[in-house]
Every structure is written in C-alpha cells, then in structure tokens.
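The first chain written gets the first letter, and so on, giving A, B, C and D; residue counts start at 1 in each chain.
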Amino acid sequence: MPYDPVDDPTPDPDSSLRERLWRIIFLSDTRAGRAFDIVLLILIAASVVVVMLESVSEFREQHGRLLFVLEWSFTIVFTAEYLVRLWVVRRRLRYATSFFGIVDLLSILPTYLELFLTGSGYIMIIRVLRLLRMFRVLKMAHHLGQANVLLNALLASRGKISVFLFSLLSIVCIEGTLMYLIEGGQPDSGFTSIPQAVYWGIVTITTVGYGDVTPVTVAGKMLASVMMLTGFAILAVPTGIVTAELHRELEATRLDRRRCRECGHVGHEPAARYCKMCGVDLPE
Amino acid sequence: MPYDPVDDPTPDPDSSLRERLWRIIFLSDTRAGRAFDIVLLILIAASVVVVMLESVSEFREQHGRLLFVLEWSFTIVFTAEYLVRLWVVRRRLRYATSFFGIVDLLSILPTYLELFLTGSGYIMIIRVLRLLRMFRVLKMAHHLGQANVLLNALLASRGKISVFLFSLLSIVCIEGTLMYLIEGGQPDSGFTSIPQAVYWGIVTITTVGYGDVTPVTVAGKMLASVMMLTGFAILAVPTGIVTAELHRELEATRLDRRRCRECGHVGHEPAARYCKMCGVDLPE
Amino acid sequence: MPYDPVDDPTPDPDSSLRERLWRIIFLSDTRAGRAFDIVLLILIAASVVVVMLESVSEFREQHGRLLFVLEWSFTIVFTAEYLVRLWVVRRRLRYATSFFGIVDLLSILPTYLELFLTGSGYIMIIRVLRLLRMFRVLKMAHHLGQANVLLNALLASRGKISVFLFSLLSIVCIEGTLMYLIEGGQPDSGFTSIPQAVYWGIVTITTVGYGDVTPVTVAGKMLASVMMLTGFAILAVPTGIVTAELHRELEATRLDRRRCRECGHVGHEPAARYCKMCGVDLPE
Amino acid sequence: MPYDPVDDPTPDPDSSLRERLWRIIFLSDTRAGRAFDIVLLILIAASVVVVMLESVSEFREQHGRLLFVLEWSFTIVFTAEYLVRLWVVRRRLRYATSFFGIVDLLSILPTYLELFLTGSGYIMIIRVLRLLRMFRVLKMAHHLGQANVLLNALLASRGKISVFLFSLLSIVCIEGTLMYLIEGGQPDSGFTSIPQAVYWGIVTITTVGYGDVTPVTVAGKMLASVMMLTGFAILAVPTGIVTAELHRELEATRLDRRRCRECGHVGHEPAARYCKMCGVDLPE
C-alpha cells in the first residue's frame, strides 16, 4: 500500500509542532525540509559505507571499535527518526505498511537483532533503498516522471518478457543437457552435472561469459558456437520489446492535452481538428 | 501439424466419460480442468528436477534408490496420461504428430529405452518443453497473444537475421584465420588451429568473452581490438532488426484501414467514431 | 566496379556454347544453372573445410596426403571455372575487377603461390566469401533485398557510428592511462603498459571481458566499475543508431508505389489522395 | 565557455599577419588552413603514440633517448602553437577557458611539470582529445551535425538513464551483499567483502564477466543465474531509452509544422508543395 504524503490530511491544527515536523520530514518544499532531506541522505549513504567496510576483514580488525560506535550511532538516529515519523504521520498503519515504511523499519532492526543473532547485521544493506528518496529531493517531480515512463514501459512488456525468459530457460535446459552429454565424460571437465551445465548455459546466453566452465571438445565448441550465434540473435528480443514499448509510451506523452468540449475526450493527435469521438471541432 | 483442442469436435455424446476427460485434459475452462493442469505442471517440474539431480554424482550415490523410484513413478504417471490423451482425443493422428504430441511421447520413451541402452535417460530433459503448456493455464489467451507478437516479429526478420548471421560467420572465418597466422606460432598459444581461432572469433564477436583463448602478441591484440570495436557496431544490427519489426508489429495491431468518405483520411484509431480531420462520422 | 549479369548483353549469337555456358554460370533461372550453382556451393564449402582442417596439426599429420590431393583438386576445378567465367563473360575487365571477380581470383592464387612461399596457403580462407553467392541461389531477389535494407541502414548511420567509435576510443585511451597509473605499480599486474591498458579498456567497454587483465587494487576496481556502468549506458548508442535508421528504412519500403500521372513523383503515403508535389489526384 | 571561431570578429585590419594566421589556424576553408590542420593532426597522433610507447618498459629501455627527444620536440612545437593561438585570437580569455583552450594547455604542461615531478608525464595522454578537432577538417559541418544528434539524444535521456543507473546500483548492492553472505564463508572464495561482491555484481550485470570472481556454491550459482537473467531483461532499458530518443530526434528533423488551409492536415514532408489530402497548395 503506497503512502503518499500529499494524500495525507494535514495533522491536527492544535499540535503545531507535530504539523511542522510532518512538513519537514515528509515534504521538501520548505528550507528546513530540504535541509532535513539532505542531511538524512548523507547519513544514509555514510551508514551504507560503514556496513560495507565492516565486511572488509583488514578494516574490521583495525577500526572495529570505530565501526561499532558508528553503526550504533546511525541506528539510534534512524530509530529516533522512525519513531518521529510514526508520531507525526496521521495514517500510521498506511505509512508503516508502505514500501518506504517497511524499508525504514528493516533498516534499523538488524542492529538490534545482532545482539542475539550474529551475522544478521548485513541485512542493513537494505538501507541503500532509502536512498531512493533522493529523487524526491533533486527535482522530484521531473525524475519521478522519468521513472514512471520506464516503469510503465517495463510493466507493459512484462507479459512478453516473461514469455521470453521462460522460453529461454527451456532452451538453456535442453542445450545444457546436450553439453553435459558431450562434455561430461572429459577429465577435468567443468560440466560435472546438468545443473552445472545449465548454469554454464545461462552464463553463455546472457553473454556474461565468466570462463569458469568452458567446452574443451570439438563437438562441445561447435554446439557452444551455435548457441552463442543463435542466442545472440534471440537476445535482441528483450531490447526490442522494451524499445517498442518505450517508444509507444513516449509517443503517448506527446498526445494532445486538448479536451473535447462536448464529450470530454482527451488524447487527440496534434494534427486533429475534430474530436474523433463525437465529431465536434476541437479548440486550438 | 498443430493440434488445436478448439478445432476438435466434441467426442461422441454416448461416451460421456471420454468427453468429460477430454474437457478436463485439453481445456482448462472448468474447475477440474484447471486442477488437472496445475497438478500436471507440478509433476512435470518435479520430474525435470529429478532428471537434473540424477546427473549430480554425489546426489546419485546417496539417494540413487529414491531417484530411481521417483523416475519410474513419473514415467508411469506420464505414460498413463499419454494413453488417456490418445484415447479421449478424436483426431488421434493429428494429436500424435502435433508438437505437444511428440513432446509427450519423447518425455516417456527414454526411461523405457534405458532398460536396454544406458545413458539415454537424459533425453528426458525434453520434458521441460511440456512446461510450455503453462501459458495455457495462466491467462492463456493473453500470454499466447504476446508470444505471437514475438514470434511474428522474429519470423518477419528471419530473412534479415540469416543474411546477418551468414555475413558474420564469413567475417569471423577470415578474421579467425588472420589471428591463427599471427598468434599460431607463439608458445602456449590458444590459437592451435583455424577452427579453434574461429571459435575464439565467435566467443569474441558475440561479446561472451570466456577468456580461455586470448591473444598474447601485440599484433594479435590490435586485430582483436579492431574486431571488438567494429563487431560491436555491427552487433547492433540484430537488435535493430527485431526492434523495427516489433515496432511495426505493435503498430499494426493499432492500425485502422477505414477511409473517411469526406476527406479520405486513413489512419484512424480503432476507437474513433468521427474523422479527426473533417468531423464526419466514420464507417463501421 | 560491380558486375551485374543482368546488365551484361547476351554474348554473340554465333557462339551458342559460350552463350549457354554464360547463362548456366551467371544466372540460376534454368535447371542447369541451378544445378551448377548448388554443386559449386558444395565444392566451395568443402574446400573451406579442407583449408581449416589443414591447420589442425593432428589431422595434418595423419591425413596430410589426402588434404594435399583435395586441395589441388579444388584449386584445379576453381581455376578452370575462373577461366571459363572469363571466357564466357562479355565485359571481361568489368567482371575481373568486380568484387566477386577479385574474390574468385584470390581463391585460387594462394595454392600456386605456396609452391614458392610456404604459409601463404591460408589466404585461401577468402574462399568463404564465394559462399555469399549462395543468396543468389536461394530466393535470390528476396534475400538480397534484405541485405540491401541492412546495408543501407548501416551506410546511413556510418557517419554517426564513426563519430561514436572515435569518441569511444578517446575515452578508452584516457581511462586506460588512468588505470595504468593506478594499477601499473602492482606486482603481477596485467597493466604493464598504456597500450596494454587501452586493450583492457576495449575488452571491458565492449563487454567482452576476457579476464586476462583485471584490476586488483580497490581504486582500480572502482574506476573499472564506473567505466563499466557509464560505458554500459553509452553502448546503447550504436544500437539506437542502427535501430532508428533501420526503422526509417523499413518505413520507406512501405511508401506507396503510385506514380503521379502529372509530375511522376513516386513515394506517396498510403493515405495520400493528392500528389504532394503538383496537387493532382492520385490513382487508386 | 565555448569558443567559436565564427563568432570571433576578424582581427585588426592593420595586423595582416595576425589576421592571416588566425584564418589558417582556426578555420580550414583555405588551402593553407587545411594543410595546417592535417599536419597538426599528424603531429598530435604521433605524440600520443610516443606517450604510449614511453610506458612500454622494453621500448623505453632501448629507445629512451629517442623518445625523450621526440617528446620535447612535440612539446616545444605545441607550446609555440599555443602561444600563437593566444596571440592571433581576439577574445583571449574566451579561448583560454574554452574546452579546446584548456585541452591545448593541459597537453603541454605535463612535460614541463615532469622536470620537477616524476610520473606526471602520462597526463599528456589528454592530447588524444585534441584529435577531436579532426571532425572539423573532414567534412566538418556534416559530422558535427551527426554528433549533435547523438549528443541531443543522450542529453534528452540523461534523466531516465541516471534514474536507471541509480536503481541498478541499489539492486547490485543488495544482491552483492546476499552473494557475500552465501559465498563469503567458502575457502578460496573471491567474495572476500561486500565491496568486492558489489564489484562482482557490476561485472556480472553489465555482462562484462571477467571471471576473476565467480560463485562456487550451488546457492550462489542459482542467485547469480537469477541475477543474470533478470538483469538481462532490465539491461534492455538503456538501449530502449536511447533508441526511442534518437528516433524522436531523427523524426523531428523530418517534421513539418505547416497546416493545410483547406482541410487542416498537419504532418507534410518538407518537400511537399501540395496537401496530400485535399490537393490545395501549401503555405511556404
């Protein structure tokens, strides 16, 4: 359930502190709101860096104490922020169950969890998702519009892409099995089992090509070549899908904003002079 | 020859069991038909996993007996299903020679074959193709429509793509030979023969890049660089082909052939009722 | 200078053998002409395979004598064919200097050259280009039309692609130098010199990624990551160029074939009713 | 601040030498100007090659003296050229702070700097940017127009591409952390820390695939496969963005805003003189 601050009614007029905090935290149309957002983004970025550095063993051994202190400082600040958010917001459940509400919670829980459960701390990397708030700060509306066009194009091609991916997987399974039959018997072969061969097939057909498993027999190399070349031609498909959808999406944003004064239809072509729905002439 | 259940006339009204079975097995418009399809898909997926696990040597050694029992259970169930399909269907030859009819047969034969011929069992991986029936279960019509658009776009660009692939192969043969002449003499060179060099060329030009064969001389690296960069520009071609065809295909589904009887304008949207140019009503 | 058999006037009527041979060799509209083309294509394919096998050392040692005999047989047949072509054709110079004329000559010369100059034999791989004649045999006109659309799209985007490739090379040179400064000092580093680093840059930015040279320092990995991600976004450019041109090219082939009876203009849109050049009404 | 020679007023008429030099150096519309440009481009290319060769240790040891002399010769020539440019140009500050003005300065400074600071010499590779002047010499206007279309398409998709890259980075961070948790404990694992795993994620999702870090556990390979396949579908996005923008850009250069005064049709080709819908003549 999305939580949109604009939908949220202004908090009670009597609690003016709460109202002001809400405006600062959830919107960025005031000077204080902007400052809050920027400070928050810097803190989040810093905390993500700390989580990453904690995993580097040399760094952890040398600066373990510092990282520990930083980690707890960030967690305490973010916990306070989360509680304040919960307090100032009106539709509490809606915020708590929204995408950012859940991400906010998941960003602080792991540190507390680690008191009981070692190793759970890395889940904090989920904090990186909080950085997506950035788009709200930097020219929000414009960039979110861009994201919408992208998302719409991806959603519109969802059906085609899932058909494509499933067909691809079927082909990779069959070709992987063939490669296992051809290459499996070789000494030191990387094709030790069908799942391994399917993994190789995915690495090959997506043109990643690690090279940790490669064919060594002549027949294997020939089959791999055929797979790469045909795979190569097939792989143009998802690009074609997204491009065609994106093109259609971009075209749609160019359609006219003129509204027919008779039937109210919107979405006329720029060249149109008469409403295609009811036939009356359109305004210039 | 495709077998389309909708074309098949309803079986004899006297054999009501056969008719009911036919409806359950081949269509998924009833509750029982849906349940049958879902159970079947789960069984197929499970049997594919079993075939894959059988190839993992540690797993086969530990759970060989279990896999053996599972494999035979699946085969017996699928054999029964195939026989029932053959019984209930009216145009038997048509079903047996259709794509899914052949796949259904090939999915059970290998287990019996393996009684006489060791190693033939892995052909069972072909069962994965039976999963393509999935699209019939999950919002069939819609997804198959998507697949049709994709297939049409690929078929329409078949000519261009084969011209492209053949030209690519010619270039790769010539460049592979050049690389063999340049790199072949090096000690420990991977370019041991022209076919090997052509294999390298395909790995390189499709941007897979395993790294099992790489140039070591300066001249070889320069030729490889030229090949990657020009190849890179050429490789945009199949994507361009599929995208342009897909775009045309998508446009065609929006096209309208109606001509305005007043101004003669063609190219109205399917939803339009009046000519957008002169305002008179369009023919149905 | 292209040699087009259709432009070539029929040879002298008195030398009917020459005329018949010309028709058989250069056209494929008769039964004999078709048979000749197919036999020739098989011979060419076989001779390409022989050249490739000759480079496989085990094969050469075992079947060296056989390959030698085959190679000379093919060369003698192709030499005879070349001489006959020269004889039957009318515009001899035009054929000899055309693309296929030069390829035909280069396909036989190397065998003779090798009598004096060891190692020159592999140039025979150029025979693979003779296979391009294939498109004339299999539905010639249609496939060549496809090739023309591709070629036109590539030629139309030539300017944009060369600007793109040159800018890419400049970026790769600068980033390669940076990588050399960062990684060059490491022991066992692959970045032994700037040209080597530029080679790495090309391998990386074209997403080939052999892995024979990879960054090992933290700074190097960060720069490489930035390079891959931005490079990734930039690399969409050639695809975009070719797609847009191809789309335009395909659109152009849909333009009307109607010729204005007044000014003779061709290339009206299907919806057009009046000539856009002189205003008279177009035929249906 | 761009410096455009065409905007620059002709220098004082009394200093005719300065005026003539300005025309030779900044324009290429005279025979001398063309010759100057070509000689300069050759010198720049040669000096870039010298900088590159200097980094090859064997070459530097053998021909160190020659390279030293060449390097200083080029620097002195380029210094003279820079001073002359500064002298003949009228808007000196504008030239000095323009893109090419800064590149010209950075191309000569490093040699002098190296007298005091060893290792700074490789910054001279920036000279490669001076080669971009090439486009002015070879059919300048046309190629720059091509570059403009490309640049406009890239700029127009800037917003969408940055949204895309940032989302990609978030996904890679989270998937990298997951891979670290799965693979990190393995002996000899390449996933030694989260930053390392994120580096692997970028190498994988851009389909570069070096193979210096690869998953070894079954779970790791499964996650990597999911990442490659979904990543593969997502990666079609930047191509789609650039293609759609480029297509729009190319269309825009063909657009015509003229409206027929009779039927109101908009969207005539620039060459059209009469409305294709009703046959009346179009306004200029």
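What we mean here is this: a contact is a pair of C-beta atoms (placed from the backbone, for glycine too) under 8 Å apart; a residue touches a chain by one contact, two chains touch by 3 or more.
As the structure is a computational prediction, the values presented were derived from the model and not from experiment.
Touching subunit A and subunit C together: B, D. At the interface between subunit B and subunit C, under half of the residue numbers involved are used by both copies, so each side presents largely different positions. Separation between the centroids of subunit A and subunit D, computed from CA atoms only, is 29 Å. Multi-chain contact residues of subunit C, defined as those touching 2 or more other chains: 164, 169, 195, 198, 207-211, 239-241, 243, 245, 247, 271, 273. Within the complex, the subunit A residues that touch subunit B are 159-160, 162-164, 166-167, 169-170, 173-174, 177, 180-181, 184, 192-195, 198, 204, 207-211, 214, 218, 221, 224-225, 228-237, 239-241, 243-245, 247-248, 268-269, 271-281. Across the complex, subunit B meets subunit D through its residues 207-211, 239, 243, 263-265, 277-278. Taken together, the subunit D residues at the contact with subunit C in this complex read 48, 51-53, 55-57, 119, 122, 125-126, 128-129, 131-132, 134-135, 142-143, 146-147, 149-150, 153-154, 161, 164-165, 168-169, 195-196, 198-199, 202-203, 206-212, 235, 238-243, 245-247, 250, 268-269, 271-281.
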